[in-house]
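Chain lettering (A, B, C and D) follows the sequence in which the chains are written, and residue indices restart at 1 in each chain.
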């Protein structure tokens, strides 16, 4: 039984979580066939959880147009590009012992702390200095928006088939990280941080991306959101739909967050209709389930529908 | 029966959620008596949910030292300071109808869309222009960190006893909003946004706060985190503890997020021990429950212990 | 600040969980003032969590009319009546080690396994034999419904002010345990179970309670449900409302279960309206939060309103 | 890509929910190859959600040995066997309107209320009267355990390839429903229930199944539990493992319940180790995710491994 056959079975009964997942597959397929601009919200520790290859495949196959990510996912992507690895661990463990062994835990994933120095701080600092040097040479003000920054990182990092940042650069798809400071990237700007010898003087303008991000919405015939988790990536995409008046025609969110506490991550897509973020006649669905399970299934089923004919 | 008496009862049985909430009260009391620097993480739609007065009271009574917030909470605080209101609504509603009536829904709270124009965009734009004008007069580069920006907003906004931004300014407590662009603040930087006549040319440096935020950690004898929800505010506080090596001595998180999906919001505080964000011998507790219920109880009980003797 | 004052504050903002909890207090107060028959659904490990005293107080003050419980809660109540105790433990522990030390864990509560033998099997078996002997003497068929069984247990157990079973017996309030076999009670009927020397020959008729339970609904002027958790107790109460056509006039549920997976525990009270279990004009509310926190607060606030004037 | 290939990919990264689901597939495969007695706990509205066919297939292929179900799932199975249907509905609906149209809602599934009369009450009452008549003819006491009752129902109902009850009867696999009264079955014992003309006089002994259920544990070389949801079915299986000392060698639970509120449904399998319900060296895993998604995937992958070589 292929993954798509399973999804079709789920769609036949059409109820509960299975029905919602089957609907998500239908909507993702529609988004692609309708040539909507697809904004991909990428939150949660998805790279440590092994979801990277799927995202790279989506980029290469043009199944996504714009990436809006947490800082952490980009950090972990870069770490792996420079030789770092995430190990299968366990959450039944003694964290004090892990600490003394310099191993960081992300749920049931282990990562040696040293990787953040060797595979992030050092190479990323080098790249930052190169960016700064080039800007100075061209007598530019050393000011960049965050999406420009990621484009330069993709250009200057070592070519790596297994990196989201690199794949996005090669495919000319922008990466937005609205809260970049809230990740190891932020630490590079701390003069006293041990692995930083010289602080990069690049100025990253937090508002520098607003206009071009909105512009992409305005220029789109149809818009779609595909959100894993919620958080800043979800809100950033949805507020652009709200501001620009280009309400989402399609929206999929896979999350474990619930609406009852009132946070934006768990807010229903119906709520987004009241704001004018999602069209009232949009095709939309919220899948309440584990992202690391539902996301690979959805993408595999859609690929089967689109590419295997 | 006073709130603290109830908490003491809960502490006596000491189990499940009740036990954790009672422990949270004990830890918050300890933090205060031990004169720890208290970092307050403020995520979720807490201002719309009516939690504002509690935070203002905490600021006035010096029960918190540093505020790390989502953009949205600061937006809603500002809106209320300029006359906007949040109304008791319902989540059993027709969102298309709400949209056509220009009412935005936040779970079971309603807010007329017009407030964002009249009580946010217009006055905030005025303040931004004033900030810019003054910077130009002093021939400064128009560059601000986000905490500097909020200090200036507090200074220039109309005095308002009912505002977190104003109360923090008066009490000289910094406000950090690591993802400011991910809120109505970001929209002001969009030239085509209808209510923005002239875009402020202030440059908000996303990395501008890193050093001074870390500095506050480094300068603290003891550190404590009090986190509502999770999201960027939680991570921003915890990564500073990690980077500076000033592991948290005290940590409280109230959230509905669960550890199993692997996101940072729901990550256990034990996990944070592995990273060196929380001391292995720290006093810490995670309360899994509704923030709008647990937070007021916790604060009321602590106030009773500290101030009513 | 008293608990009721806090609740009144929560009601003033009226939103999110705080609003729902404040509404629950109002509804419970109304139920009592309106003299509704109150069906109390009691699931989850509430006795181990220390909620017993509250329930006893509710029974004594006539704040509840009918108890529908899981078997486990009645087992733990009986164990404590015969000297067993629940200890404050931790969920950060080595369960293999606990097993080898014969300590059973219930989340963060510890209970020595021996208590189930000494404080449950032995005295309960004695009571069962006494019941059986008396039935034989009166030449009755040894057949009992479960609520009759609990009445006899209350009558024959050693008087204990700290027992729900005993308090319910004294106050003449019936206890229903629809799934009695799903608890240590069931084990007594296993001939090979080590602590059972002689199996009681009492026949417990699973359907024996249906008519009298329905009769209580039919005889009620107004009906109210107050449900902690969900599970069998929730369904048993709601199906009686459905069957008898005495739709609930009032309904409160406190739970962490969510509607999305489609189970009855997390089903919304709106869903119950479609079935005719809850009146469409009923006063009802679902509080999504930790029961061990929300339940004591609710009861304390209602007591303050009802008894402290 | 086949479902098993996807699972193997998930197992390769091995983390978060995907890792747990991949582990569940491995464990289920082991259970089957090791010829363990497999106890299947079946809770939540799984038949309305369309999971029936999978369970029937598992029964036919001998992938399960003993079924422990909620009453509701058996009711809905019987309803469908007698021509009733569940319809794809929505949870965005007006439940008062549904009520007035006599349509019952189960999350996003609709079922006309009349089906419970025509496709359950009437045929089931006929079967009960037939059972009773036969018992009287043989001068037996009209007393049955619940598993005996279901065997007779399977024997006397109209043959139906699409029924769990019928398939279990044909395959000689017992069905246990510890809380049978907590379902439409219970209503048949209510003399005033409109569709019941004559109350069946069969006595269903709630404790009648204890010994034979325990016996199956005692007679097993190896034991495995496969639990959907939690509730009474989970506890009933686990307490038998505890009582008989035949700790589970294998255990899989798929649920959305969380451990923090302390209920048995969400209790970790580690907790079960402390009780001696699960072997400390057992192969076990808890998948925190939507059952209607994870269960079909797991079964499809295991079938591919076992039967498609």
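Here, a contact is a pair of C-beta atoms (placed from the backbone, for glycine too) under 8 Å apart; a residue touches a chain by one contact, two chains touch by 3 or more.
This one's a predicted model, so the numbers in the text were calculated from it and none came from an experiment.
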Margin query: Quick check: more C-beta contact pairs at A-B or at A-D?
Written below: A-B
Note to self: Let me spell it out: compute each chain's centre from its C-alpha atoms, then which one is farthest from chain A's centre?
What the structure shows: C
Next item on the list: Report the inter-chain centroid distance for chain A and chain C in whole angstrom, where each centroid is the mean of the CA atoms.
Entry: 46
Note to self: Need the CA-centroid distance for the pair chain A / chain D, whole Å please.
What the structure shows: 39
Next item on the list: Using mean C-alpha positions as chain centres, tell me how far chain A is from chain B in Å, no decimals.
Entry: 24
Note to self: Residues touching two or more other chains, restricted to chain C: which are they?
What the structure shows: 15-17, 45, 48-49, 107-109, 256, 258, 260-262, 270, 288, 290-292
Next item on the list: Chain touch graph shape: choose line, ring, star, complete or other and state it.
Entry: complete
Check: So in the complex, which bits of chain B are touching chain A?
Finding: 43-45, 48-49, 72, 91, 93, 95-96, 98-99, 103-109, 113, 143, 146, 178-184, 186-187, 189-193, 203-207, 209-211, 214, 218, 229, 231-232, 235-236, 239, 243-244, 256-265, 267-268, 270-271, 273-276, 280, 290-292
Notebook entry, point to check: Which residues of chain B touch chain C in their complex?
Noted result: 1-3, 6, 9-10, 12-19, 21, 45, 48-51, 86, 88, 92, 107-109, 256, 270, 287-294, 296-297, 300, 303-304
Check: Mind pulling up the chain A residues that touch chain C in the complex?
Finding: 15-17, 258, 260-262, 288
